[in-house]
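Labels for the chains are A, B, C, D and E, by order of writing; each one numbers its residues from 1.
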Amino acid sequence: MTFEWIKIPQSLLTLFIVLNYGLLLTALVQKIAARAGRRHGIPIWQNYVDLLKNYGLRTNITHGVMYYLGPVFRLSGGVGLLLFVPTIYGSEMFSNLSFAGDLILALYFIFFGTLGMALGAGESGHPHAAIGVSRGLSQVTAAELPLALAVFSVALQYHTLSVTDIVAAQQGGVAHWTLVTNPLAVVAGMFSFLGSMMRSPFDVVLAPQEIPIGPPTEYHSSYLALMQTNRAIFPVAKMVIYMNLFFGGASSWAEFCLKIFLIYMVSALVGVVFPRFRVEQSIRWFLTWAVPVGVAAILLV
Amino acid sequence: MVRHLAAGLLTIGLALAFAALVLGYQPDAELNRTALYYAENTAKDLGSQNIVTAIVVTYRGLDTLGEVTVLFLAAAIVGLILAPGRGAEGAGRRGAPPPGELLTTGSRMLTPLILITGIYVFVNGHLTPGGGFQGGAILASAALLVLLADPGHRFAHRTIETIEGVSGVAYVAVGLLGLAFAGGFLDNRFLPTGRFGALLSAGAIPVIYTLIGLKVGAEFASILANLTETEERR
Amino acid sequence: MQQDDVVEPRVPVKDELKKRTVKGPDGFEFEVDPIHDYYCDARPEVRPGSYLKIVEDLFNWARSESLWILGFGTGCGAIEMRPLMTPRFDAYRYGIQWRPTPRQANLFVISGYLSVKTLKRVIRSYEQMQNPKYVVGLGSCTVNGGMYWDSYNTIKKLDEYLPVDVYVTGCMPRPEALLAGFEELKRIIRAGKGEGANLYAKNFDWYKANQKRVIHDWDMPDYNW
Amino acid sequence: MITLSLAVGFALVLAGLYGALTNRNILRMIVSFTVADTGVNIVLVAVGWMRGRTAPILDDAVPIAEAAQRIIDPLPQALVLTAIVIGLGVTALMLAYAYRLYSTAGTLDVSKFTELKW
Amino acid sequence: MVSPLFILAIGLGAAFGVGLLDARSRGLAFAITLAGLAAMSAIGAEWLWAFVVDGVQPIMVMTAGAPPPFAINLRMGPAEAALVAIICLTGLLSAIQMREALLRLGRRAMAVLSIAVMALSGIVLTRDVFNLFVFFELVVIATGGLVLLSDDPRATAAGFKYLVVSQVASMLMLIGIVFVYHAGGSLNVDDLIGSPAVAAGGAAGLAFLLLMIALVLETKPFPANGWALDVYEAAHPGFGAIFSAASASAALYAVDKVVGVGGAAFLPMLTAIGLVTFVGANLLALSQTVDRRLLGYSSVAQVGLVLAVIGLRDLLGERYLMVAGGLLVAHAVAKAGLFWLSELVAGRDFAAWAALRRRPILIFAFATFVAMLAGLPPFPGFYAKWELTHALMAQGRPELVAAILVGALFEAGYLFRWFGRALKATPPEGVSDLPVSKVGVVVLTALGGWVLGEVWGAASPYGDVLGATPLLVALAFLALEPLSARIKNTLAIVVLVAAFASGWPHFDPLQLIFAAIVLLGGAVIFVASYAFADGRRTGFYPSAMLMYAGLAMLIVAKDTFGFFAAWEVLTIGSYFLILRGKQSEPHALSYVVFSLGGAFAILAGFALAAETTALFPIAGLKQVAAPFAPWVFVLLAVGFMTKTASIGLHIWLPGAHAEAETDVSPMVSGILLKAGLFGLFMLLMQMGRQSLYGVDLTLVLLWIGAASALLGNLMAVFQEDAKRLLAYSSIGQMGYAVFGLALMNHLGWLMALMFVINHYIYKSSLFLSVGGVYKRTGTREMYRMGGLITLMPLTFFAVLVGIVAMSGVPPLSGFGGRWIFYNAILDTPARLPMVVIFLSGPIAFLYLFRLIHTIFLGQLKDEHRRIREAPIWLIAPQMLYVAFLIGFALFPGLALRKVDAFISRFIPEHALNWDGLTITSAYGYWNPVSIMIVIVVIFVTLLAWLVFLNRRAQMVKQFNIVFAAERPYRPETTHFAWNFFAPYRRALGPLTEPYFERFWQAQTDALHGWAGFARRFYTGDGQVYAFQVVGFVVIVCWAAMGMTP
């Protein structure tokens, strides 16, 4: 197999676009939420400033090797996830590195960062970090279930695990979207989406004042900057998957931006409406509401 | 009460089985082939007048050897059981009144007669009813008489054991002689069968019966002695 | 002020912090000195900014526009900080937000009087923040003790113990004053004068001596990384 | 006649067994067994008995030639001899055991010897 | 040829002759007794040799010079010779064991012993019913005497009870005999067999029934056997051996001899009594704690089994002798050996048997006897069991097979519990010398057992287990025991590698993969054993090699017999291995009980499949016809799933794996579990889909696999013990593999194979890592550890790679497994089990993270501050595994392509498409090399950048954490580790309860409770025993009269 070196700059371009979009998007959503509360909210560029500041801190400490590797794993996970999935349908340029693997790869790669982050947080030796990890892992394992079910419902529906093929099957109007053709899977998938966005009601993992923001308690300066970068990329990368699976994918960057924004707004809306769940409540919620929907999606496809 | 009831029930259960046996019993009109063989061939082959004796000593000699062994075993084990508790010699006699003159003399007079009777019975076993066991038992009754008359009497265990052992070994040896010189183990015909009905006839049957008689007598005596001596001590 | 610089703690050290003999799984016995073995005892260093002034200016601008306040209310003034988050004052629009952990915060607001007991915690938290870091003294008590000027257990002058960038006086100052103080701090930072952390490192011995003079049960390493 | 003796024999057997099952006293049990033994022996002899015949001894009363018609079955008689002796041996042994048991435990109640169980 | 009569004559002569001696010359008397017994044994052995080797015809020995029906005659044939030899040898050896007692009691006792042996021989030899009675009475009386040899004061009462019962039996026998004589006109067995009167039933039949019952009573039928148990418990063990081995053999032979008279109508009665005895006695034995009484129960049970076999003689046809003989011989040798062993043990509880540990050879003997009793290869009982089940199945008597196997399982249960206790208890204080002569007797007996195993093997038409090279090699390690462990370890590695090299060209791809894991993988794990190779490490190498031998034989087995024998061999080997752990006794027990239960299921399955007793090739499973096929499938699958620890059958695994030694855990986890998978592979390849009552059995398997995966993963999450965690994870992993197999599609099988390889690697690696940590920290409780990363970096690295691989996260090899897995399940119509297995997937992250976090991250504890990295011998294999994980992740095709092609032979559709480096299925695609490159590039870039940014970072220590302005005081209270996933447990609530453990616990409790309750039936009252005997007689009488006309 010959590797097309042009893939590298193309991927980096995708990465660049998504990074900026992600930084702006999170700020925008925060701003919208602030406006809903009659506040001005943060400046739209605030994320850039924070990022810059964190990179610019003069001292930092380290707890050990895994402490280093934690953020690296995390960001690798985000970047990798983004690059293993085609971003823009029909565009060879923005199909990224999706030749390496299909949907399964993406699904499992989600855990790459989670695992690494958990390890880094563990190395810091902070009990709150460990508590946060315990909560986070417990919750994410429950939240992943409906997604896995939904994904397989979709894969069964389209008889393929290739993201590109799934998107291709949804072309030709809203009526062909999975949202319409397989609504149960979409509902299950979106339930899972809510759980994985670390927003209320599923944000007990970070619980800022109880266990000072959980796993990243000890992280700061450039470590934190790396993680902030990831916080811009990773949700978008995940949403790309949702978009591709359920909402017909995107054939242009404009469509991409719009759809991602709307998908993000779902979790933002839910987040401002509902109060926080405890971990066992959220796990039970996923098991009693989301999973049955997913099962139904699989059985009825 | 429950025990009696259960025992009664079980007994009845068994009784029903036995009743089936009794009711199903048909007496033979003729001798069956085994008995017929004995009736027809005993005299001719073994030269014994008493068919039962012939069967006991020869045809079913192995049974009899076993029987003697049973007694030997019983004697040995009784000795074994009672041996650990046996006190020192002469420790007994406590409280037992001394035998009277009449008793002593009477038993002394009777003993030889009993012995002779016993010997007669087993020596003539092949001719008349009786035999080694009966004779042996009579011999032992002499010992019993002595003990009854004088509970403190002590038998020479060594002698008894020697008689017991020698007669036992001799019995086995006679059996082996049969194996070597006649038709098989315990075959009596390695000695001449002699004249039918005479004392010295029927081959080795009298010899065997004598040995049996001695052995049985010795063993009974030994058991009796062991039991009495233990009794003494109490 | 006492004349002798007593460094030795005058209160007995807690049992957990005393040296102890421990037996390893293989039966080997050795001594554990918690203060030394469990804490890093390096001293802080002065860390200058970038070589390039333009880069440093950029960073200073970013620092000024991204003030992350440590969520640690040391005294009564903490109550004045809460309204800043409300729609009325909305400090977020100035890039100000609260962080629950000193690792991620770079602004420490000493909100009001500071008892000696709290000072120890304040020092620990301050030292756990990363360079550059800023201190705002809120209320008169941080300036001269205020109404607690003759109290036996509050400190009088905050800047003897920590390098203070801005004082906001009043008892208590209104949130508006606090916002004004933050704006002032931003100006200081942008001007490249918010070097409290380096100051602290440079005059480390002096600060430590001052701190230990009032904190009698000093049972921690000199610098809390 | 023969049924009667068989019945008597079996009755003794059953009586002996009943006695052995209901009497706690070891000596009584032993006696019961001897009763039962006797019953068995009677049964044994009875089985060999035949109407109108005589003992299997070939003396003047029973010529050899007529033996087959004149004598009863000799085999059970031989068997019963053995059985009697064996029964005797066992009885002696049991008596010795009874003695030993009494001397160790001071009782002859069979239900007291239950150290070994389950 | 010496006439067999001399056996009797010598016995009597010695007895009478000894009486002639002076009471004090006891030594001479003892010498004479021994000489007599030796001569009797010699005659028996000579005849046996003549029959077996020279092919002499059986002879009839006449006495009294008259032909048989009229005079007593004896028969000497092969069976008689064998039994007489056993009886006399038992007598001889027991005499040696009872030396002190005999010398103390004097010549009378010796005479009694001689007579007892003589009479037992007489029972065997005689062909006359009444003579049989005489010999029986001799035995009864002699027993009454020999019981008194015991030091135990309770023996007298036991002897009396025995006499009471014997009285009843002898009366019945006499009555029976005389009526039979009346009906048949003869006392000769051979003569009576021809006589129609008895077989016709009626009064004669009833008489014969009484005779039979009396004879059966001598075999101590359940429940009329309390007296026998008391005798076993109280008697001198030397006599116990005679009572168990010799008396029982003689009684059984008497039954066998006489039952022909009554004809076939009486056989079912024997079978019924025998089986009830076998199952009942074994059940009651479960609650026994006194060794000799336990042996008594076991004897009763074994004899019952042989009795049942006698009842089945017509079914067994010409194999009858081998079956009955095999069972009887195994019982006799083992039971005699065990009784003799009990002489060497001071206490009467199981723990006292720990005294044997001072002489490893005695442990070897003990193991031999237990294995013989349990019917394990290569002992005669194994062949007998095999033939018996086959014959019964062939005759359509599965209910009998079930009863026999259930009873055998009970028996194995208590035997192995006893063995385990003996091996793991602390030896009692106060070393008393074990006399050489007594030890010698025991060892000789054990060796005799092996010889008999070879005899039965040679005679078996199926094959000789002892002739298998792997087994011989493993046994050779027994001989090597005196060598130092390092040498043995090296030898073991060499042997395994050589075995693989020599077998290499003959394997098909499937076998190749399993062989590579077993042999090469085993060799790699042995490298770790160097870390423990101080001294001799007695017992480890024979056990391990036994397991490997079994596995090697399993892989190459061609027929069901070879397969089953290998299965049993590996079970024993692994049992011994597991038992070596410090606390592993209860777990080893449940392992062996489950394994044997599974093995019995397999046995029954094979027997059902074979139909005729012919040698049945494994490939023949394909042709099994319709009504049986699903049952065969079910039985075999259940059997195999005990090894894969599928849900419900899993409870042995966590403890067994967790408590095993450090280098044993990977052996039993990484390698042993694969035996079950291999079996399932074999099963599914041969039999394919089966359905029972309309249920697709593969669907059931699918559910089981999915449920196991869920359960294993879920339980692993809540473990505090690192090895238990790994063990539960194995259950989950095996569940995946079973699931994959049961998918019955191409990719499912491929995925199962991938799991086979992967699971071996990462589980072995993780067990070694955890073992290394355990070695250093002395604990397996994870929350007691923490922060070991800096002290044990290599171990940490191995664990990290291991868990990344295991969780299936790209880029390591676990992902390949998952990818194939998901592609495979897309092909299946069974969606619900698929959902279940989805549920279990992410849970793995929880426990894997827990494993690495709690041990290596977090707070280092005081006492661990000075520990070192694990020994190099433990690290080396882990690094090898790491390298392999990465290599396998990059190039899975190296192993899988061939297998892919191989599977295509069975399921051609949906094979993978190996296009260059990309692997394509019907649904998706996957390019391992690209994935690896992409991830590594991203990772390294980011890492380099971060390292650059943090070039001046201050390294801090463990308490330098923000702690809400406070600070931690002790690492213990700062390490968040215990009950790590508490919220998860709260959320799942009842799902996390160990239902299966409770279920099996309830079963065993119920069994023990039953046994404990039911055995109160044996009140110890002689009269009650008499009641029971009479009751038994009455019931059997009436039952039999109801059955026969």
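We adopt the following convention: contacts are C-beta pairs under 8 Å (C-beta built on N, C-alpha and C of every residue); 3 or more make two chains touch, one makes a residue touch a chain.
Computed from a predicted structure; not experimentally measured.
Considering every other chain in turn, the ones in contact with both chain B and chain D prove to be E.
Within the contact network of the assembly, the step distance from chain B to chain E comes to 1.
Most remote from chain C, judged by the distance between CA-atom centroids, is B.
Chain centroids computed from C-alpha atoms place E closest to the centre of all protein C-alpha atoms shown. Comparing chain pairs C-E and D-E by the number of C-beta pairs in contact, the larger count belongs to D-E.
With centres set at the average Cα position, the gap from chain A to chain D is 98 Å. Centroids of chain C and chain D (each the mean of its C-alpha atoms) stand 111 Å apart.
The geometric centre of chain A is 36 Å away from that of chain C, both derived from CA atoms.
The geometric centre of chain A is 53 Å away from that of chain E, both derived from CA atoms.
Each of residues 59-61, 212, 217-218, 221 in chain A touches at least two other chains. Within chain D, residues 13, 17, 21, 47, 75, 79, 82, 86, 89-90, 93, 97, 100 each touch two or more of the remaining chains. Multi-chain contact residues of chain C (touching two or more other chains): 47, 101, 103, 225. According to the touch criterion at the top of this document, the contacting chain pairs are A-C, A-E, B-D, B-E, C-E, D-E.
Interface residues of chain E facing chain A in the complex, by the touch rule stated above, are 787, 789-790, 793, 800, 803-804, 807-810, 815, 818-819, 822-823, 825-826, 831-832, 834-835, 838-839, 841-843, 845-846, 849, 852-853, 857-859, 916-918, 922-927, 930-931, 934-935, 938-939, 942-943, 946-947, 949-950, 952-956, 958-964, 968, 974-977, 980-984, 986-988. Of all the residues in chain B, the ones that touch chain D in their complex are 3-4, 6-8, 10-11, 14-15, 18-19, 21-22, 25, 27-29, 31-32, 34-36, 38-40, 42-44, 49-52, 55-56, 59-60, 63-64, 66-67, 70-71, 73-75, 77-78, 81-82, 85, 127-129, 131, 133, 197, 216, 223, 226-227, 230.
Of all the residues in chain D, the ones that touch chain B in their complex are 2-3, 6-7, 10, 13-14, 17-18, 21-22, 47, 49-51, 55-59, 64, 67-68, 71, 73-75, 77-79, 81-82, 84-86, 88-90, 92-93, 95-97, 99-100, 103. Against chain D, the residues of chain E that register as touching in their complex are 130, 134, 137, 140-141, 144-145, 153-154, 156-161, 163-164, 166-168, 170-171, 174-175, 177-179, 181-182, 187, 226, 229-230, 233-234, 1015-1016, 1018-1023, 1026-1027, 1030. Contact residues of chain C toward chain E in the complex are 14, 16-17, 20, 22-26, 28, 30, 32, 34, 37-40, 42, 47, 72, 101-103, 121-122, 124-125, 128, 220, 224-225.
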